[in-house]
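First chain A sits with chain B, and in the next complex the same chain sits with chain C.
So, the complex of A and B:
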């Protein structure tokens, strides 16, 4: 093909692309607004509608967010989710160097407090809050709690594993860490979750009553730690050997060298990769629905399994999809900001 | 210092040993109180459940070992096909996303962003719902030119395996032969005509018996049967990993120095050749490591098939655990299979990477 022909083909392609773009946008607009049944409409009119059914969202939004959590106590999962989202938002903005400038210490205190408060809010049993069993924890707070708690606890474990793998002077420890990390990364998350639900209760003595929520959290921590370790390892290996040599020559102990010289540089290097791991882990948290835990995707399914609303599956999933889109875009925005600042 | 390390290593080994012993003891106790003990002989028991699709002969009376292998082969089949389709989609979208036309670029960007920011299980469940709502039941299945699609399966007229291999081999041989002769000379033309004539004669003489899907009662019989579960899984992995691969490809293409493309254009190469002879080989070398990562992820992600009931390794293992309540035996075999295949795939891709980069100056 000559360049002239290519030019005309390109013009043609642009036209086709434009038509497709307009068509998709119009189709979405039509589904969402034009052919949709409005917020105040009733269920019966949804049955024949070709567009979205807003009454479904109006009716089911609380079920999709909080599932079967006791209805009168919905403020509790709401508050817990808001606390966790605020923590993520503030930390994300701080990493992206926008608005907030807390010290690491303040932020850590916030995180520890926030996590404890949200678990207490969910579980109840003290401060006059009625206890709620984990089987009734559903929806958004489950997604957030599992994702955030597992990642927060996986970070130190992963960093420890990476140090053990790269910096340990004992070959046995190095090899053990390497086998663990590479082995864990070679198996799918679903199989790890299966181990958590079926095998883990057999590992603990019978006096320990491990319920599925916590055993899932436990395996998620171990699973994500392997991925964190791999990212941090790359960071550690990118720190020039001269750095630790110099620090050792200044008389620092090996632990001090790692803690104050090597690790800060390694983590800065690893941050973009770590953020990708975090986004992936957050998205994959939804896989817990395979084991019968009810995260946001599972409560969406719950909302349209109501026989009265069976045709509204797409509406339910679109809402959840929107949530994931917004939250993942926020995290990847933070990632891009970090990339930009590290180039400078 | 030396002594300290030895002591540390020793302590570590002892701690590990103690931990393992404790775990083993606890597991033993728990199993004993349930009246069980660790026994891998369970794999030779009759499985008693049927598997909807299989690459090897299997029926409900066969052993658990056989059902695990059946599931594993299904996993491999799904992984292989989705890796191929996701690569094709990904490379295509990747090139579209660096198109000079903004409408095309926007479309590609929209596709990638939409898919990359969703959990794969949500993509799968949405596809599942859409398929269930749109595909017709068997009684009113769509049938176009012998291809039948219903909410149960896609049926394609099939050529028997032996003839299929013969025809494929023949076509491949002709293609290879033609490829080695870049200029079409009269003698080449004659000889290829002879070859085609011989081929036609052979085909006419031996009628290839084509196995067509035929409606029989409540279902179709015959033809190549591809279940909707497989199709949904294939579509899900193709879209999800296609988007990820597109992003990888886009990054790779953008890393190619503009001078390469300018030089190729200045030499008068048409755009298609610039794409496949100049940009693509360099991009491939650059992106191969993240691409291999995607392939390994695709393999691991086949395990979400359990959510739609495709009989892959994970889902037959799930059934086995539910029936026998022997999670330790079942999971150790399954995890072993996943781990070994992942490591083999990784090693293979690594070797390929070395071969690709053998001639690069770096």
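So, the complex of A and C:
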């Protein structure tokens, strides 16, 4: 192909792409604004509209965010969600080296406090907050709690597993860690979730009344830990053997070598892969829907199951999709910033 | 758990010592906690769906309220929780809920489980087929070779297998778990037939852009007596059973949520049956004492929840999006040709 042909081909492809983009944007604009029924409109006019039904969002946004959580206490899941989102936002910005410069210790304290306060806000039962059973925890806070708590707890577990698999001197521990990690990764998440909900309670004695919310969390932690372990293992193996040999020769103990020499380099190497795992795990959290936990997708379904709003499934799913798009976009922005700064 | 056992024992000891009615453990637990945990489906239009405030509304949800009104005297003390289908019976067996009002079909093998009791059928349903009129099919026997859209893993599929198998007819199933997607597949012509319970079909049909282009075939191929399920406990079951009968009796006598106060104020001029339902020394007051219910439990059920017709019309009837006709159908009173038979309260 001559350069001229290539030039015209590229121009043509660009043109087609531009037309497609404009067409999609116009279609979205038409659906959202032009043909839509406005925020203050009424339900009846939505039935014949070809565009979005804003009154549906106006009517159902609280149901979609918080589900069947007692209405008068909605400030509690709202506050819990804001705390968790702020923590993620601040930590993300710090990783991306934007605005915040807290020490790791300060940030850890924030995280521990934030998680405890969020759970207390949701559960109640102390400080004069009325108790709310986990069956009424729905929507955004469930998604955030499950995703964030499972990932926070899976990270140290996964790092431990990776070290056990690569650096342990005992063959038994190495093999056990390998079997666990590879076994977990060979099973689909859905099966693992079902085991957690239906088999785990059979293993425990009858008196232990395992709440579905917490047993799901337990399963998610164990599952994500296996993937984290693989990412970290790749990082560990990329650190040249000379590094730990030199550190050992300087008289550091094996634990000190891992902690101060190998792990920092390994984690830096593993970060892009880890971030991928985190984004994937976050999106997969919605699978808990099949276990009867009502996350954002489930509450969206509740919203358009209302007999009066059954035609508004698209509006409900658009909102959920938008939420996942924005949050995943943020996470991958953080990932790219980390990549850039580690190259520099 | 330990605390619940303690409550239980305290309750049991107290009842024994005071020589009160000896109710079952479930009844005692409901009363000591002051709330009745009742399971419903999280998203069944018309039967149980959270309203915009997150409070469950619908036909099934109202029977949770009926039980709470009868036992605790306050319909709002029903702690209504949405659970998936497969979890509901398990939760009852595990004693984590008192009642399930969740369109559970009463079947022999289910009732044989010692952990659950099927108390009273609140709704009779059956499985049917919906087809586009353009298909030109007049009854289900003409469906040989059809592609059927049905819910994955449901008894719907088993009933279809029975029906087509018994008649030596061929069919293909399009399994789609999500209802919205399933309906979209049917309306876009991906399958010829949509199979579900008849009541669901009537409401699903209205979701088509042109409902008149679809029809529901006359055959009903399965029996689905949708029944309230409780933990086994004689006193609790009797309370739920007779609260339901009060709703049927009230309808029979023309007493509804709107006129009950008026009726109770003029009991002397009312038929004897009405007096037995609501008088302070009537049959229900006597029953209440024996079952350990508030004396005016029958009045509370009608006042706070309504009679059977009130509940049906409120959530499924002509004024709703479903526009279901009760008269002439199986859920009408016996005198109107249905299966709802008000047992005598005397």
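Rule of thumb we're sticking to: the second predicted complex is superposed on the first by the 327 of 344 C-alpha atoms of A that agree within 3 Å, B and C clash if a C-alpha of one lies under 4 Å from a C-alpha of the other, contacts with A are read in each partner's own complex, and residues count from 1 in each chain.
Operating definition for what follows: a residue touches a chain if its C-beta (ideal position, glycine included) is under 8 Å from a C-beta of that chain, and two chains touch if they have at least 3 such contacts.
Source: prediction; values computed, not measured.
After superposition on chain A, the partners chain B and chain C collide with one another.
In the superposed pair of complexes, A:69 makes contact with chain C only, with no contact to chain B. When the two structures are aligned on the shared chain, A:54 is found in touch with neither chain B nor chain C. By the touch criterion stated above, A:301 is placed in contact with chain B and with chain C alike. Contacts of A:313 after superposition on the shared chain: both chain B and chain C are touched.
Once chain A of one complex is fitted onto chain A of the other, the partner contacts of A:283 are limited to chain B, with no touch recorded for chain C. In the superposition on chain A, contact of A:137 is made with neither chain B nor chain C. Of the two partner chains placed by the overlay, only chain B lies in contact with A:187; chain C stays clear of it. Of the two partners chain B and chain C, more chain A residues are in touch with B.
In the superposed model, A:172 makes contact with chain B only, not with chain C. In the superposition on chain A, contact of A:227 is made with neither chain B nor chain C. After superposing the two complexes on chain A, the stretch of chain C that clashes with chain B is 188-196, out of 8-16, 44-52, 116-124 or 188-196. Applying the stated touch rule to the two superposed structures, the overlap between the chain B and chain C interfaces on chain A comprises residues 290, 301, 313. The residues of chain A lying in touch with chain C in their complex are 59-60, 62-63, 66-71, 133, 135-136, 138, 207, 209, 290-292, 294, 298, 301-302, 304-308, 310-311, 313. Note for the complex: chain C touches chain A at residues 1-2, 42-46, 49-56, 79, 81-84, 87, 96, 180, 203, 206-207, 315, 320-322.
Interface of chain A with chain B (complex): residues 1-3, 6, 10, 13-15, 17-18, 20-21, 24, 169-173, 176, 182-183, 186-191, 194-195, 198-199, 201-206, 283-287, 289-290, 297, 301, 313-314, 317, 320-321, 324-325, 328-329, 332.
Touching chain A in their complex are the following residues of chain B: 5, 8-9, 12-13, 16, 23, 26-27, 29-31, 33, 99-104, 106-107, 110, 113-114, 116-122, 125-126, 129-130, 133, 270-272, 300-304, 306-307, 314, 317-318, 321, 327-328, 331, 334-335, 338-339, 342-343, 346.
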